[in-house]
Structure formats: C-alpha cells, structure tokens
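In the two complexes that follow, subunit A is the common piece, with subunit B as its partner first and subunit C second.
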Partner chain A sequence: MSKRKGKDTHLPIGECITQAQQILRERFCQRKLPDRPEGVEAQHRRLLELLRRTAIHGESNSVLIVGPRGAGKTTLLRCVLRELLEDKDVQKNLLQVHLNGLLQTDDRIALKEITRQLQLENVVGDKGSFAENLAFLLEALKKGDRSSSRPVLFVLDEFDLFAHHKNQTLLYNLFDVSQSAQAPVAVVGLTCRLDVLELLEKRVKSRFSHRQIHLLSSLTFPQYLERVRAQLSLPDHFPDPNFAQEWNADVKTLCEDKSVEEVLQRHFNSSKDFRSLHTLLVRLTGISPLVAVGSTRVIEHPVWNNPFQLPCLCRVSVSKPSIRPADLLDASRLCLADAKANMLHGLSILELCLVIAMKHLHDVYEGEPFNLQMVHNGTPTHLKEEGGGGEKERGFFSCFFCRTRLPRLEFKKFLQRKSNSMYNFEQPVVMKAFEHLQQLELIRPVDGSSAKTQREYQLMRLMLDHSQIMEALQKYPQCPTDVKQWAMSAFA
Partner chain B sequence: PRNAMPSIPSRALPARQPANVLEEARTRLHVSSVPESLPCREQEFQDIYSFVESKIIDGTGGCMYISGVPGTGKTATVHEVMRCLQHAADMDEVPPFCFIEINGMKMTDPHQAYVQILQKLTGQKATADHAAALLEKRFSNPAPRKETRVRLVDGLDLLWTRKQNVMYNLFDWPTRRHARLVVLTIANTMDLPERIMINRVASRLGLTRMSFQPYGFKQLQQIITSRLNRLKAFEEDALQLVSRKVAALSGDARRCLDICRRATEICELSASDPSALGLVGMSHVMEALNEMFSSAYISAIKCASTQEQLFLRAVIAEFRRLGLEEATFQQVFVQHQALCRVEGLPPVSMSEGLSLCQRLGACRLLLLESSRLGILQRVRLNVSQDDVLFALKAD
Partner chain C sequence: MTGSLQHLGYDEEKLQRASQQLPCREVQAGMLLSLMGQPQQYCYPSVFIYGHGASGKSHVLNVLMKELELPHATVSCVECVSVSLLFEQVLLSFFGCDAASSLPRTPSLSDFVRVYRQQSSQSPAKQTRYIIMEKAELLRDAEANLLPALLRLQELVEDNVTVILLSEIVWDQFRPNTGCFEPLLLHFPDYSKGELQQILSHDAHPSYSAEFYSSYINILLGVFYSVCRDLRELRHLAALNFSKFCEPVTTGKVKETETHKLWKNIEPHLKKAMQTVYLREVSSLQWEQMQQMEETETGAMRGLSAHTHVELPYYSKFLLIAAYLASYNPARTDKRFFLKHHGKIRKTNFLKKNEKTSNHLLGPKPFSLDRMLAIFYSVVDSRVAPTASIFSQISSLVTLQLLAQVSHDDQLDGPKYKCAVSLDFIRAISKTVNFDIVRYLYDFLLQF
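Take a look at the complex of A and B:
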C-alpha cells in the first residue's frame, strides 16, 4: 500500500479503483460492445455484406442467427449495425425496427410497435383495429419499391416465440414482403433453438430464404485463458497509466497461476459461453451488481438473484487493490455451490429428520411416492385403503414387506428405538415441518389436485438426490450424532 | 388527412445499380423479380386463361380450385393470366372486367375478407357484418350494366370458420344469376375441399380443379436459365446440380433461386481480385447447398463444452441401460457422475448438472419437461443416437 502511494500517481488509489470498477462493470454488466467481435469474423463479414446489400442496393433478404444462449448473437448484430451505420449513405437511408418475442407477445402488439418505430403513427392515428393496422402496414410496404423507398431492417429477437403466434401472420407477411417486389426489407431473426425451421408453417418456410448463421464457439482452453486476461485488463486509455500497468501485470500473473488455471479449466469444461464467464468475473471483481439495474438483461445473471451475497462480493477495495488467486477460488466456489444442499443447511433438525425418513422410504420402495402418514408412522395407509377386492394379493405382499422392513426406518420408530424424548414432537408440529418442506419445494405432490385428498394422505415425491442429502448432512452445523447414524444406517 | 395512407419514406440517395455480372445475376435471380412469362407453366396458364376468358365472354360466374405445394408458381401464374386478360380487355378482345385479390394470410380474421372485398370494390369502409350485408345485396340484385369480377382468394384454408359461412358466401355468390363473378381459390393441399368443407360448401366449389405439380429438375434448370437470360454467370454443371438437388428435396422454385443467389455471393467473396470475377462453379454451389440444407445439430454437439458432451453420453448410456428412449434427470445424473469419474474430471454438483441439462434443452438437443420438476424431469433426445455418437466420435 504505502509503496504504491509513494510513486507519483496522478490519481489517488481510491479514485483509480472506482474507475477500474466502472470500466469492468460496463464490460460485464452493461454489455458494452467489444471493439471487434472475437472468433466470429466469418459470420460478421457475412452478415455485414448481407445488410449492406439491403441498405445500398435495396435487395430484400432474410436471415436467422442461431446459437446457444450467451454465444454473442446480439453482440454480433450490434457490432455489425455499428459498423454499417458508419457509412453516411446507410445512416441516412436505413430504417430500423427492433422487436422482441418476449415483449411483443402477439401480432397485435407487434404491429403497434412496428407502426411506432416506423413513425407512421401520426398517419395511422389511433383509429383502426388490428385488421386495419395490418392492412395499413402492408399497403405502406406495397407502395414502396426497390429503388426509391428507404430499406427497413426488422430485427426479431427471440424469433422462435414469434413462430408461436396465431397463423404466424406477422412472419408470413414480413417474409412475403421480402420475397416480392415491394419496399426493400431485411428480416433478421435471433434465436437459440436449432430446430427453429421446423416451427415454421410450410408456406412461411418456403418464403424464408433459408440463410442461417450459426454461432457455435470453437474456443480452446488457451484462447479462453487469454480472453479472461483480456476481460480483466484495463485499457490503454486508463487515466492513471501506472495503476493500469500494475493492474494488468497482476492480472497476467493471476492467469498464470496453477490453481487459477485449474479452476478456470473447470469452468471451461462446464460451459464455453461468455456469459457464465462474466458471472464468475462479476463475483471475482466485486462489482456491486445492483448498480447495473439500468441494463436490459439484468435478470439473467444468477448472481443478481441473491442479494444476500453482495456484502462479501466487494473484494477489490482500497486496502487490497488487486485480484488474488484465493479470490478466484472463492468466487468459483460460490458459482459452483449446489443450491439444494445450501437449502438443506438451513433446515431445522426435525425437518432434516423428515428428509432422512423420506430418503429411507425412497430406498425401500424404489422411488414410489409416499405421504406424511408413512413418513411419520410407517403405516402404509394407501395400501390399507386399496386393500379390498382384487388388490388383496398385492396388498398382502406389500404389507408383508413393510412389516419386516419398514419399522426400523421411519421417523416414529426411530424415536422409539432411540428412546430419545428430545425429538418427540406432536403430530401437528411434524405436519408443519412437512408443509414447510413442501413450500421449499424439497418435496412435491405427485398430482396437482390437492383439494381432494387430506394433507396427511397426499402422495409426495422427494426432489433431492442421495448425494445431496449425505453431503448436506456432513456439513450440517452441529448435527446430532444419532441422526447422522440413522441416516447412514444401511439396512438389509 | 382522414384518408391518408401511410407510406415508407423515400430514400435520400437512389439505390445503387448492379455493377458487375454477378450483381446483375443476383438481381435477376431474386425471387421478387417475377419474369413476364413463366416458363414451364404454359399448360396451366392455358387452362386458367380459357376458363376465365369463357366466363367473362359468357357473362356467367364460376369457381376454380387450384392447389399445389408452396413455391410451384400458383399465384404467379394466376397473376400472369390476369395481366394477359387485362391486356386483351384493353384491346377490346374481351369485355372489360375487374380483378380483386385477397389473401387469407394477410387478414387477422376470416370475416375481414368481406371488408377487404368491399373496400376493393367500392372503396367503402365498413365493419365485417355490415360489409357482408352490403355485398349480399350487391350480388343478388340485378344492376343495369355490370362488368364481370374476377376474384382471387389466396390461402383458402385460413378462411375456415366453424360455421364455414365465409367460404360458403364466397362460393355461393358466383352461383347467383346477376353476380357475374369468377372466383379462383388457391391453397396448398389437394384434398382441402373433402377434408374441411361441409357438403354444401364443397358442392358450390364445384369440380373445376387444378393441381400444380412440384417442378422437376429440367424445369427448374429452365427457370434459372430463363431468368439469367443469356447472362453468363453460371457454369452449366453448377446449374444442373442445384436443380437436381432441389427437385429431389421439394421442387420449390424459391429454394432454387435462393441457393443460386447465395452461390453468387460465395463466388464473389472467394474471388481474390474483384475485377476478375469468374463464373459460379461447382464448388461455390456445393458450399451454398451445404449451408442451406445441412442440419446444425452435429456441429452444435461438436462445439459443446466437455461436460455437455459428457451429459449427452450419459443420456445415451442410460437409454441403453433402460432400453427406453426416456429417462429422468436423476437417472442420467448417476451415469454422468460415473462418466466423470472414468474421464478423471472433478464431479459436478446437482445444480450444475441441471444447468447443463437446461442449456442442452434450450438449444433443443434434448427435449425436457418443465424445469420446475427439478431432478424428476424426464429427458429425451431430439437427435438420433447415431448422430450423437457420430458427432462425439469424429474427433
């Protein structure tokens, strides 16, 4: 610290860190465009050529950009548009219409939005139904022609949702305009579904030009490492060059660290996309995500759904102005933690005991659903109820099965055997705990109709895996030994 | 401006004209530049022409049903017939007539058909019910001097309503004595009248039917050649390859033109020297064909991350164990953990496994149930097992 201050820096250290955080925040949270798209040069050139031909020659086109979530579809499109609009001719001519399948949930809304974005609303006015709006728009597009009217670029984000609209009217009409001698349009769809063409009706499909641009990442691990380094580095135009230099050197040594490499390899193995990388880096650099609420895609980052972890996120601070390998390991541990196991840590002993009883029932009956009665008493009530008539034989067999094996497992017998009055709860208390488990969705009713059956007899399924329960039990703070033993007890 | 119509503003600079041979070819090959006369549809043209002409000359009405898969030139042929008849009417060879076109796909509701017809006949605006009443009156009352109206109804299957009154009216009006109405209807399926129409509608549609066959490879080749019109941009073999491929798959002329257009782009890109552009050859066409017809599933699997590939492997392993094509996530996950151990990778947590599964589900390599079911959700493959194994083995 003192050494750093001793140098002739232009800015105080706190200011530098704020600046650095600002830059990184823009990069990770506000989706600042990179200077040039990485790893997708061929796709970039192809899309740019296509849109340029629409803008300059008035050629109508349609194209789909397909790639998994977080592969950089929107970034690619925005980069292309940025480059395209640098041309003065294009800038003066091109009209843009941006639609999103999540916002424009039906054609009526989409049409209103198109009218608004084309600034035709003062002509159309608020008169006119959906049908008239459509007629107006089609008429407007029909009156245009290739050489004289301004080209329109339609960008359909979440394209596959548009295919679920009634009759696919909007898609048909857009593609039809692109295939007939009307105003020049370019229809660009963005989607993550590989089977998107199978969603289209056949006359819509026939009118689509079948150009698809696939964004699949062919990233190798060294490239990934390099990208992490580049993402964390500060740019050359940073106000305090000394700080930037030191920071970048720190980042370089960080990326060469063996343990860091191991952690990053693990993340790379799990997913190659940049968004999950950003999630890790956001945690790492301690950017308070709440600042980024202005950006559009905030909700998608899993970090932002957990405000309780914010305080421990602010890792880079004045007292520690660099990222250390330990920080990365911590951040990675947070990212990779199992959500259900974390929830189990927060349960009470009674609830944990119920979970264990359910696990035993699950083992014995090989995944058959259970109800509270079985968990609590071990009386297989559902077998008794259906015991009459033709079911007798099966009922007998099952009961026989229960009598020999079940009494050793379930909750009440556990208490009797242990003769431990500490956990001897009343039935309503157990019921309450059971309901709490249901609210946490650790157990789930088999069929949705809960109104018909009484709560004690409603059949449930456990939504946890063995490994999760055992792991949580190991880490549970001050878990009573007999509960642990009961959970471990193998039965034969 | 009560009756102002919206329009797209005109551009500041005029569009640039094509500069070289390939650009010129691309302009001509665009689907929107429909040629004056359609090659390979002479017979159909003749049939429709004589049908409409005879009705116009006799002053009677009638219906015709035209079917065929998309991209076989139905609408274009009818438009050409109308152009020719209009020309003939201008030359006083046939009595004057007027032509109205409606399209089921361009309407929000079947009943809008009335509104559009009325508006195109008289320019009057009305609600659907009122328009129906006005049209009814118009067609049933005799008027002193009436010209024949030809009406083209595209996308007939979308005019279907539960009571089928729109279709009924459309086909009933031509049978009126004073209507002098010729109705041409276009749809994709050949057996549409038998399938969805009730008897009184189907009987009014009559038996004058015509079906457009998908183009054969010779026809497709002829279409492209006629569009290029002696412009030397393509090698002969390349054209033949495109038309044979398309004819084998669908016989859709639009597809054929799109592929040729894409091939010219590829050719332009691959030419090192922009002044010396070569012809579009086999290699360019092959590349365009691959781009447009190949499925992306295999390359998507190849590009997936290690754990995602492992998950797909686990899915197949579980299917083999169960002998079924469906398994719960929990079952697959057990296999996944075992595979992780075999491969020497650190085991993944359940949450991470679920997110792997969701990612594969989002790009439709897997078909999943709703994610609320958590580990109980069932997993199916959307690709064949052979494809997955091929993609995973190839490297």
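Take a look at the complex of A and C:
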C-alpha cells in the first residue's frame, strides 16, 4: 500500500500508525534483540571472550549466567551468539545444542534431543536404549580432541531444573567432558536461582568451573526513564521521517511530564526488570489511540464524536496520534490493579456478608480457622431469624453468643437496626454462596481431607486481608448502608 | 450509542457483526483486540483473563475468533485429562490430522514442541495463532512444568503463537514457586444490574411486548440479584418461571400493564423457586410439571433433601443415636447424662465456663468404640447381647457414611469414629424410637 517516492514522503496517517505499531510490538512482544545489550557491557564482554575461546581455540569451558527473571539472561546470550557467529570460521565450526529444563524433563529426553540437534540420529537409529545412547555420545565426544574436532556449545536454559534429574547424570557427563581433554565443549547454564550451586551433587560441583556471570540490575531511576523513552521512540529508518520526528518529540515531552514520572517511579519501585516494563508498555500500546478505540473512549472524548473534525480515514484513530499522559495512567492502573479486589467487586451481597462475617470471626479469634456453621451464625441473616423464631434453636444460638467473646453490643445494635431486614436466606442458600467463595479460592480448607467431614464443619481460612475487604466495600456498587456499618463497627 | 468495535487491521463489516453479538462487552472486546493487534503482528506470548463465571470470557473470545476468522485452538482443560490430548487438539486444529498423528504415543512436552516446530516451518504463521485454554486452574494440577512452558510457548516454538488462559481464579494462586514468564492480566468485570437487565431482556418472548418481558426481568432480578449474579443461572430461572408470570395475562385476569398485580402474583412463586429450583432440590423438569398442575401447591413435591429419611434397623438407630451423643457431648458429662445414680453434681461445676463454643459449631468430635457402646447400652432399655450382628451394624453404618472412621491405624483394636449426620436427621430418627435426644445434648442444656 505504501508508495515511497523519496525521503520526505508522507504516508497516510493510518499507514504510519500501522508501521509504528508494528515496530513497537516487535520490541515488546516478540522481544526482538536490541542492537547491543544495555547496562551489561562487562558481562557481555566476558561471555563473548569465553565462548570465543571455545569456538576458536578449542578450550572447554563451563559458565552459569545467574539473574532474576526478566533480567535479560537469554537476551545477553543471544546477543553474544549473534556477535560470535558473525565470524565465518566460527559459523562453520561451532555446533550448538539448546536444551530447556522445561522441555527436557529427564535425561532420556535430553539425550534424544542432543543426538537430534547434533544430527546423529541416523547414526544412532531408533533402537538405542538410554545407556547405549549415552555411551555412543560420550564415545563420540571422547574420540575428539582439542585440535581437530568441532567445538560444541551446550546451552542449558532453566539450569536448575536439570539439577533435579536423577543422579544428575547429564550434568555430570557434560561437566566431565568439559574438564577432561576431549572434544571441546562449552556448557552455558541459565538460571534464576541464586543458590543453584547448592543443588549440585558434590562430584558434579567439583567438575564445574565455578565461573558465574551475575545479571543484577543496577539501574537508577533516570536511566529507567531514559529506557522508557528509548523503548517508545521510533527508529531513524522509519519510512515517514516526519511522523517519526513528531512522534519522538511527543514521547520526549511525555517522559518529562510530572504525572508520568510519578507513575513510572511507582513501577520502578516495584521492579526494575525489562519484562515488567514491557507489560506496562504493551498495555500502553493497547490503550493508546495508536490502535483501537473502544466505545467508551468515543463517548469520553467529544472531539471524536464529531466526524467533521477528523480526517475520514482516522475515524479509528485521532487527529494527532500520540501517547498522552492519561493513557499511561490508564495502563498503569490496569497493571497495578488488585485482582482479588476485582473479584470481590463481583460478589453478590450475600457472599459479601459472608466475607464480612468471616472477617469478624478472624478478628475475634485471632486467625483461628472457621467453618460454615460459625460464619452462618455470625452473619446478620441468622440473627434476625433467631429473633423472630423463638424455638429450640433460639436458645442454642443465643447461648453461643453468651459464650463467645464477640462484642454483644454490636450484634444487638445490628439486630435492632435490621429488624425489618430483607436478608433471611435459608441455610442451603448460604451454603451455596459459601461454596462459591470456596470455588473462587477466596477461602481455603485447612486440610485436604474433605471427604471425611461434613461440609458445614470443614475448617476454612480466609485468603483476604483487612484492607482488601475494606477497599472492596468502598467500591462495591450500591452497597447497603447497614452492611457497611456492620463491617465498619468491628474494624473500629 | 456507538457501540461498535473499531480496529485498523480487521475488516469493518466483520467487526460490526462481532460487536452485535457482544452486548455490554465492547470495552473488553476492544481491549482484547488492541492487545492482539493486527493479525500478522506478533501478540504478547501469554494473556491471562480472569473474571467471575458467566462474565463472557469464553463467549467474547469465541465470537472474535470466529467472526474475524483467526486461526485458533480452543481447549478445555477439563477434557484434557492427559497432556497428550491437549497436544493433539492443538496440533489438530493448527496443522490438520497429519501433524497430530505424528506425535508419539506418550508425548512429552519436548515432542510436542519438536512436532510443532517442524509443522510451523513447513507452514509458517501468516497470522497470530491463538491457543485458548478454558478452566486454566486445572493446569496447576498437571505436571509442574506444563504451565510455565505454555506461558513462554512463543519463545519455545519460535512461532507467532499466543496462549490465552481463562480462569475464575486470580493469577496470584497460579504462580509456581520458582517463578515463570508473567502473562498479561486482563480482568472481565461482572455485569452490573443494568447490564444484566439489558442482556436478559434480549431473549424476550415473541408473543409479548418487550416492556412486558423487561418488567418481568426486573422483578426476577429484584428477588435473585442479592443472592446470584451468575448470568447463566438467572437466564435459566427466567426461562423457567416466565410461563407462570404470563398466566394471569393469558387467562385474562390481569392486563399486561398492571405491573403491581403481576408482581404480587409472581413474587411468592419466585421466592419458592430460590429454595427449590435454584438449589437443584427440584429439577427443572419437575418444576415445570409442578407449574402445569395448578391445584397442587408448588413445593408440595418433596425435594432432594427431603429424601434424607433412611429406614434403619432398630438397633442401628440406637447405635447412631449413641454415636451422635458421643460425638457432640463432652466425655466428662457422660456420667451425669447416662448413669442412673450419678450422685450430686454441682451445677456451677458441671457447666464449665471455659467451654465457650458449643460442639454444634465446631463439629463432631471423635470417640472410641467403647464409649459409644457404653452409651448405647445406657439408652437402650432392653438387654442387648453384644453379638456379631451389633458390630457388623456398626461397620455397615460406616459404609453408609453415617459414621466415619477417623484413624486408620488399627481396624480391630480401639477404632475411633465420628458421627456424620445432622441434628435434623438424628431428631427424625430418635422420634421414630420415642427417644428425646435434645434432653441428652449438652449444648441445649443451658436453657433448662
């Protein structure tokens, strides 16, 4: 669709948006490799040097790359490999084997994968048992020597999972080959566990070179801001330079905005890895006028309702496609939203009453587990029945309250207030609500033996805390005042 | 209101058609679309969608996938009892049956990824492929590495694929302990009352006016909204009770506009429905039959829980009573209750202050066989020989799950039991043998 005629061509705005979107999406979702890794130059140099020594000089090495999730371990390795493979000799010479602890869950599968990736399948054939395969592979590796055979690079992603294999046979053999004068191998492990060496057996540990590369982020907030700006900016080779320029200027002003800075500071405080930043930015591209306009946005912005102010093509978009601070605030709000509070918002009033009653029980009994029977008797629903009923149960329930340390005054007040209450549900209806709460895992059974005890006597624990309930209560649509009062009374 | 979806990458007509099928979910659909991006663009590797049951999670996705003709595989984790079924379904819907049959008999994740890579290198994705997993909470019970692998499937297979997980449970409960690739979280909020009204009013009966039906829905929500917000349940209830609502109109007693009379007519009926058909005490078929025969009062038919009456032998009844007493009374009160000449016990001492909560709140306590037999001999008036039949009756009570054996350490020597029946049940039983059980229960003693 795009017809480029020269350097200064103006693409139609829709086309520009599509292009920009494409670039940003590649960055955030596909995690396209950056031109060079940021902030890890030293580690990059070290790893590159190490692998180059294996690839060119035939030195056997082993190294662990350790860092928290989302710290860029894979990115670093891929960058190094890309750089390494630029060398024609290396490209021709080096054999790569990529294993992942999630996929190769035991040594047999891992071994099969190794033979497959080394393209030895036809040599081994399908018949080989695990022991034969291993013997063959070791034989093949042993026969080689430093000068003549091609170096092999083993990349073990999720290295800690390999340490859980039986006897750590694979790790032992790989490290053993790397220690003795056999075919040159480099073993690179990627892991997020800092205590990974404690997982290794002694004989495995002694064969490992104890070379570790740590990727711990030492990012400051200005650098973080700069990174956000860089991630959102369009590159120089964008087809429509004018658009790109305008866009980048917009991003720059965006990053200087006070409210934006505040939001980013909050994200920075909670985590500073790339990945959480990307989730924020993906949401941003999702929300921002770049992409789509939901119905509410159209209603929110009166300009968009007026078709005369917009170019016809951009009914979808806006007159000026840029990210506004409000978009970032929206995205951040979505990112930081408390999931449990969201779920509480959708509960029915009966279920909310049950949650409040549980909360009261939790407060009074200092975190002891409870069962449905206790909760039910603590809810306002039953108090009312008890007042009107006046049968045997009446005595039973009131005697419960005599014996408990529950603040009786509160209950009495509530009872009086609720004298013409609409909440008198039967026990089975309450039970159904209780089970719904359990299904949502807002409450959890203390022990797993559910078959043994009756449902109403099964001990449960509340998986919510004080502030979550209070917040949910504030946000609850059309929350009856008496319920709110009842909830407040015990919190005070 | 311009309630239409708009997106650059998709055909406008298709979007229009999709948005018509998604009442009150335009915002969520729009958000989802914007996350998905244009079909040829890469999407975020994994998206986690949570929300209450019947908040339209699957529906929105299904409509979008179908109307926009995107390649997708919908997998229900309930059906996939083994991972091989899951892998087969995914491969089948992306690459046809050849790919699915090339999996080995008990495939591992490694095999799946290998076959997927092979296939996708032959037919690379022109559009994002979506794997939609319903009831994703069951993935936690599968192998430990399945969920983390699915979350980063895009990276593992190097294909434009996105895994969408649907669940009612929040993401915090999913996270494995060594962490994983964090998916993008998306919340589907519950329908508000107005939205429920709007959606439910869609399936109006053709022979009545729309206002008439929506006033019916209004009344229905008035009764049920405080208990149930599940759209499916409400819709089911609406369908079941509508004929009763129209009855006065069809017989000509009331006009369609007289809302108050209609309300008076239907409200007790709906309240009854909450206790019966909502709890599935009475099946919907029975409920409809009950509406047919007018003369019998609804609810006169006995529901499921009314059938709890069990016919037991004479001694079994007493055994069960003895078990109940042993379970719910503290052992130190046995002397007072069951011995004829127990001597004088001071009341203050007997009713200990520190026993704050009653056993009817905490549930049954375990007791030994000896204690139960002692109580049994005390409550049965006649002399009973401890024959084999008495003991076999005890064990058959266990198989009937009226008693529960607590510790499995020893079958013969000193077994311990719990009584697993409710107060109502035991009252009914004791009435048949003329035994006043309430007089013997510690919890109810304080009033007298």
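The rule is short, and it goes like this: the second predicted complex is superposed on the first by the 406 of 492 C-alpha atoms of A that agree within 3 Å, B and C clash if a C-alpha of one lies under 4 Å from a C-alpha of the other, contacts with A are read in each partner's own complex, and residues count from 1 in each chain.
Going forward, contacts are C-beta pairs under 8 Å (C-beta built on N, C-alpha and C of every residue); 3 or more make two chains touch, one makes a residue touch a chain.
Only a predicted model underlies this, so the values are computations on that prediction, with no experimental measurement involved.
Applying the stated contact rule after C-alpha superposition, one finds that A:L141 touches subunit B and leaves subunit C untouched.
In the superposed model, A:Q439 makes contact with subunit C only, not with subunit B. Once chain A of one complex is fitted onto chain A of the other, the partner contacts of A:R69 extend to both subunit B and subunit C. By the touch criterion stated above, A:S60 is placed in contact with subunit B alone, subunit C being left untouched. Once chain A of one complex is fitted onto chain A of the other, the partner contacts of A:R283 are limited to subunit C, with no touch recorded for subunit B. When the two complexes are overlaid on their common chain A, residue A:P428 makes contact with subunit C while staying clear of subunit B.
Of the two partner chains placed by the overlay, neither subunit B nor subunit C lies in contact with A:A230. Judged by the touch definition given at the top, the superposed model places A:L85 against neither subunit B nor subunit C. Of the two partner chains, subunit B is the only one touched by A:L336; subunit C is not. Once both structures are placed on chain A, subunit A residues 69, 192-193, 337, 339-340, 441 are touched by subunit B and, in the other complex, by subunit C. By the touch criterion stated above, subunit A contacts subunit B in their complex at residues 45, 49, 56-60, 66, 68-69, 89, 92-93, 95, 107-108, 115, 118, 120, 123-124, 129-131, 134-141, 143-144, 146-152, 167, 169, 172-173, 176, 178-184, 192-195, 202-203, 205-207, 209-212, 214, 216-218, 266, 268-272, 336-341, 441, 444, 461, 463-465, 467-468.
Listing the residues of subunit A that touch subunit C in their complex gives 14, 17-18, 21-22, 25-26, 28-31, 69-70, 74, 100-105, 109, 112-113, 116, 160-161, 192-193, 275-276, 279, 282-283, 285-287, 291-296, 298-299, 305, 315-317, 337, 339-340, 342-343, 345-350, 371, 373-374, 377, 392, 395-396, 399-400, 403-405, 422-423, 425-426, 428-429, 432-433, 439-441, 452-454, 456-457, 477-478. Interface of subunit C with subunit A (complex): residues 1-9, 26-27, 29-31, 33-35, 37-38, 41-45, 50-52, 55, 108-110, 113-114, 143, 145, 148-149, 152, 154-156, 168-173, 178-182, 184-185, 187, 189-190, 192-193, 225-229, 274-275, 278-279, 281, 305, 355-358, 360-364, 404, 406, 418, 420, 422, 438, 443-444, 446-447.
Of all the residues in subunit B, the ones that touch subunit A in their complex are 1, 4-16, 18, 23, 26-27, 30-34, 69-71, 105-109, 112, 115-116, 155, 158, 188, 252, 254-255, 258, 261-262, 265, 269, 291-292, 295-297, 299-300, 302-308, 330, 333, 337, 345-346, 348-352, 355-356, 359, 362-365, 372-376, 382.
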